[in-house]
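There's a structure below that I have some questions on.
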Amino acid sequence: MLRGYYRGADGALIAVGDVEAVRQALADPKSLVWLDLEVPSPEEAGVLSDVFDFHHLTIEDCLAARWHPPKIDDYGRYLFVVVHGVEEYVRGRELEPLELDLYLGANYVVSCHLAPVAAVSRLLERCRQGGLVLDHDAGFLLHVLLDGLVDDMLPVVDELDETVDRLEEEVLADPQRATLQEILLVRRNTMRLRRFTTAEREIANRLSRGEFPTLVREEAHVYFRDVYDHLVRIDYLVESVRDLADGALNTYLSVVSNRLNEVMKVLTAAAAIFLPLALIPAVYGMNFSRNTWPPWDEAWGFGLVIGVMLAVAGTLTLFFHRRGWI
Amino acid sequence: MLRGYYRGADGALIAVGDVEAVRQALADPKSLVWLDLEVPSPEEAGVLSDVFDFHHLTIEDCLAARWHPPKIDDYGRYLFVVVHGVEEYVRGRELEPLELDLYLGANYVVSCHLAPVAAVSRLLERCRQGGLVLDHDAGFLLHVLLDGLVDDMLPVVDELDETVDRLEEEVLADPQRATLQEILLVRRNTMRLRRFTTAEREIANRLSRGEFPTLVREEAHVYFRDVYDHLVRIDYLVESVRDLADGALNTYLSVVSNRLNEVMKVLTAAAAIFLPLALIPAVYGMNFSRNTWPPWDEAWGFGLVIGVMLAVAGTLTLFFHRRGWI
Amino acid sequence: MLRGYYRGADGALIAVGDVEAVRQALADPKSLVWLDLEVPSPEEAGVLSDVFDFHHLTIEDCLAARWHPPKIDDYGRYLFVVVHGVEEYVRGRELEPLELDLYLGANYVVSCHLAPVAAVSRLLERCRQGGLVLDHDAGFLLHVLLDGLVDDMLPVVDELDETVDRLEEEVLADPQRATLQEILLVRRNTMRLRRFTTAEREIANRLSRGEFPTLVREEAHVYFRDVYDHLVRIDYLVESVRDLADGALNTYLSVVSNRLNEVMKVLTAAAAIFLPLALIPAVYGMNFSRNTWPPWDEAWGFGLVIGVMLAVAGTLTLFFHRRGWI
Amino acid sequence: MLRGYYRGADGALIAVGDVEAVRQALADPKSLVWLDLEVPSPEEAGVLSDVFDFHHLTIEDCLAARWHPPKIDDYGRYLFVVVHGVEEYVRGRELEPLELDLYLGANYVVSCHLAPVAAVSRLLERCRQGGLVLDHDAGFLLHVLLDGLVDDMLPVVDELDETVDRLEEEVLADPQRATLQEILLVRRNTMRLRRFTTAEREIANRLSRGEFPTLVREEAHVYFRDVYDHLVRIDYLVESVRDLADGALNTYLSVVSNRLNEVMKVLTAAAAIFLPLALIPAVYGMNFSRNTWPPWDEAWGFGLVIGVMLAVAGTLTLFFHRRGWI
Amino acid sequence: MLRGYYRGADGALIAVGDVEAVRQALADPKSLVWLDLEVPSPEEAGVLSDVFDFHHLTIEDCLAARWHPPKIDDYGRYLFVVVHGVEEYVRGRELEPLELDLYLGANYVVSCHLAPVAAVSRLLERCRQGGLVLDHDAGFLLHVLLDGLVDDMLPVVDELDETVDRLEEEVLADPQRATLQEILLVRRNTMRLRRFTTAEREIANRLSRGEFPTLVREEAHVYFRDVYDHLVRIDYLVESVRDLADGALNTYLSVVSNRLNEVMKVLTAAAAIFLPLALIPAVYGMNFSRNTWPPWDEAWGFGLVIGVMLAVAGTLTLFFHRRGWI
């Protein structure tokens, strides 16, 4: 899908919907054009080479389904930026990174993605409603896109932070296999985030440092610095979530072992009380024909044996109770 | 709440309580003004933009409840500094970081925070009592604020260090689930501290290196270096507390397994002594009508069997005692 | 085996099959020559010293079976590049690195390897079919070779990533010793990949940065940058696969301990129910000749004892069922 | 305690014992003065500010009981150096770091410490006996002090290295809780050493690199380089001791689990042999009044049952012996 | 032992055996002298100070038994290089590092070691047989010594790599305590290697970068680069061996726990089958004098009870077999 907007000579926002409109929009070098390609058809993708004349390697990156690490490449006339966001977080599901490829030229920004990106959709909607999206230069528009992408990551990372807190408590209170599964999922998610947040932070840093003076004006640096700050925060959180998840994984084992210990104490106490106890009636169950030992032939014999058994049981129970086993 | 002080022309400290007083205080470029905004109302926050004309991104940072990583941004006319302290440590509770946002201008310092900060309150109190807080320049005042913040962190970190020592001993002596919980809490706390101490140390380092010569005079460098030294110490301690907590976590498992071993030895010894022992009376409890084997029909039969049982029990007990199982 | 191609004066691709043809091919300084030595015989290897006059240390590297770390050495007249690829991945087998040694001169590329390399074979085949392999300069040909090598690594790394995902699930669902074995294999494979991917990435980086201006033209930088991007992706994946494998290893232990716990609960419940239960009939099996205690001599005695045993069994079963042990 | 020495005009070493003597010693700019303050009284500490006019922050560092990280601060006229040594190692006790604060001026060295430092005491003793301590310049004297401090650390670190070797063997041979305790102690000690050795190494490096040309002459660089080498060695050892201690901690768990396994095999074998065995006499102990099954009424019945029991016991024992359980 | 060689005016290699010969050899500034001191006697060690006039700190390093970290120090007139090799690897024994101290002057190389070094002995033997060892300059001779030292390390590291592969398989197949011991030994050995390989690699790097132009000619750089490459390979291998050893240590625990699980299942099944089974004969062994319940007085009673017991045993066995416990 090809969508775009530019500000016409009369100041009104004009929508761009096909290749021809793109050419027309670019005709005026003073007007800022934003073009968004969502899952572009081959003809729409043709704009990248035919109209903009971008390097074919960058176009391959845009169209390849394979994931690319974040980067910023300077082609002189334009910058090619690859960044990633994340889809909305659904508990128990793996985070899916969203790749957004961006071209920044003197008077245009081209965004290209193979899946819907919430931040882009919101911005298109704002344009459609006549919002003040295209009132600054192309560098600022790039910032708005990056900022939206990063803003959508913050709640996801906060959610992960809270999840790991909850998991720590679950592990201590009642470790289930589902808890293990969730911890592993959190680890995998932080792993996925780390694949791009650090590189993305470096990109924001370079944009804020004035490395590309022709395309990013000095006024915009502070805004990219703001994006950088958010990415620093995300990085810190991702790092600490991963560390806490590792801690929870180790703790899981300790808690399970502790439980095993409790179970074993009960077993041991049961065996150590009842096995000796069983010897007593067994002894008096022997069939000696001429046995004359007391209390064999006494009326009170049975009562005495029962009494001795109760005494032994009581003593052993007390002993194991004192050791805290039962 | 808006509070502040400045030194009037006559040398007396004058309190600032509303927006108008702020304007008046700033009128004299030679007097040093300190303005503190604690949970500012919208009108009070308006001072930041209307009177001081700070960049709107910094004002957003000041007013947003979300946590920001420490940073120092140079806006030419003023520095914007974000630092963190910690609330007083309460055993068993998670450390809450306190964000303090600071503006350093040529003749003013503006501090802004969304929760009470002990170091700031103490300093305001000293001003109220006519202390020598505003007798140096703005850079020195910034140092005093940072120093107070960092000084409040030292006892917290020392407390964590002692806690982890105590936990190590607890783990070795008597590992409870509560011990696990405390270890995890210590880890989480060091995690929280690490989110800002390293970045904060870098800020102190930059302030002490003469990176901002117009706003921080050379005489103040050594003072920021002192703050830096404290943060180095905190960093070392946080790092080692975390490492020791990890060690305690691993040890926990070893100690629990060791205990399990002890329990199992008792169980095994009990089973291996009493199960064979029980065979003897069982054998003599069989009902063979024409059994003529000795000692079936002897008067001393019962005594002999009891003797054999005692001998077997003694031998097995000795055997397991020698192996150190009971 | 010595194979090669060069573009003759008439533009046709001419195959090179022996040492003499190599000399002839190099005679024209304007034609690009590609020479591939696969497991070269001593005579074929002689080309390296006799015809090309390469440094003898590099020739030793080419011919030694021992593995060499990736590197790029500048000998002025030519570059010597050592890179590694991997053989096709076979599940359950260790990855075998394939060393490819490359010389890049002004008008030639010499590739040398002691095992068949798929990327090289494909390119030779393309040459044989008259493909446009030699239409650019030597630097570009070097890129094509590196690119092929790296492209063959991407599916292998993706496969490892999927394997570790599957292993994580296997560990949670049904941990077998074979799962352990596979996890260790994945770790060993990532270990092997890490031995060269990071160094290889650095090589691509240096080639894309214009460090060798005489041999690699500026136009080729962006292509080496593309190779670099792929290697960054591989590096990220290898790192995260290793980390996930470590997580799976830790989880394995937790799952096994959890199972042990389940088994132990059944055992403990069995012992704690049946051991006390067995005391009851044992008591009534004693042989007291003058026993007059009820229900010894009652007709309903047997029924009563059975009833008591069922009641005790029921109570204990209910108790352990409530604790979730059976 | 204030002690010191300087070389008089006649070449004889003159002892310094009070503040006045210090002033006198400093009067001659050509004579080298060494002043040592051990747990200085307030009056003695006054020398630092009154006589030497050191920066008050450094004096606070000297007198504060709190531990400071190693550092070297250049105040132009003098250097302020904070370093740490360790007390003599007592097995089973935590290492106590010893802070030594040093001032290096053009013709004096002032050392200050709040606990006795063996290296300093030895040097004072050498001065008292007229040793050649003050025959070089102040930079060299600083080196002698640092060298003594570091030399006292080498045997401690070697001792730790040997301890961890012994602990590894203990863990494999006979893991006791005391072994765990010692491992944790070794880890804590390496942790304490790491808090300052790395920073101290950096200080020696800076002193050997000619960073302070006015106070440290080029001839002394090689001596500080020697101190640096010792600290590198200490650093390597501390790092590897810590790693080996971690390995021993992990091994502990494995050895304990292994033992548990052995115990469990005995238990299982005992239960699996004696429980079925006990069924046989139990069956023949039933009281059926009209039982006519053989061998009930045969004279050889008892012998047969005993024989069957022995056969079953032998078969099961053999079976478990073959599996290596008993 | 003092041994050495130099090339006389007539081109013949002349052996050096005592101090006087050393002086004579050095007389001709054009001839290259190699002097080797193996466990030098005090008189032999005197050569270092008296004849060569080396710095006394370097001589102390040569003669001190204590291990020194690798380093390269530039004394202008000569370089002082400390490197380490390893003794031949004996399975099951700890690696012993061999320190080799080297002086590189304009026309001499002095090697000094306190234990026999195979690489040095081989080279001395080659000299004795008139080999071409001294035909290049001193820098090249230094390279030959380093190269020999590093070449002797390669098989050791390869052996460690194979050992860890074998240990991994042993752990999975049949984890014994001896396996644990070997894993720990491998870890300790990699630890020992890491103490010097990384620093040694840096030394080779500096020598190959032209940092010492007066003593190491440009032609030799590529040879030191070759040594560097070998050390990179060693470093990679050591790192991965250590990581694999850690993995094997973790796996050990998992395998042992798995086994414990198997043992426990057998125990639990045995207890859960035979304990209920034993109740049946126990019930029929009770002595009720007036019991009239069937099958007490029936001839088929005994057979029935035996049948019920077999049915119960079969059912339980089937149940546990289905769960895979027996």
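We call the chains A, B, C, D and E, going by the order they appear; numbering starts again at 1 in every chain.
Everything that follows uses one rule, which is that a contact is a pair of C-beta atoms (placed from the backbone, for glycine too) under 8 Å apart; a residue touches a chain by one contact, two chains touch by 3 or more.
Since we're looking at a predicted model, the values are computed, not measured.
Between subunit A and subunit C, the least number of touch steps comes to 1. With angles rounded to a multiple of 5, the C-alpha fit of subunit A against subunit E returns 145 degrees of rotation.
If each chain is reduced to the centroid of its CA atoms, subunit C and subunit E end up 25 Å from each other.
Taking each chain's centre as the mean of its C-alpha atoms, subunit C lies 40 Å from subunit D. Subunit C has residues 250, 253, 257, 260, 264, 267, 271, 275, 278, 282, 285-287, 296 in contact with two or more other chains. Round the ring, the chains follow in the order A, C, E, D, B when counting starts at subunit A and proceeds to subunit C.
Taken in their complex, subunit A has these residues touching subunit B: 154, 165, 168, 172, 222-223, 225-226, 229, 232-233, 236-237, 240, 243-244, 247-248, 250-251, 253-255, 257-258, 260-261, 264-265, 267-268, 271-272, 275-276, 278-279, 282-283, 285-293, 296, 325. The touching residues of subunit B, counted against subunit A in their complex, run 55, 57, 66-69, 71, 73, 75, 175, 177, 180-181, 184, 187-188, 191-192, 194-195, 199, 246, 249-250, 252-253, 256-257, 259-260, 263-264, 266-267, 270-271, 274-275, 277-278, 281-282, 284-287, 295-299, 301-303, 305-306, 309.
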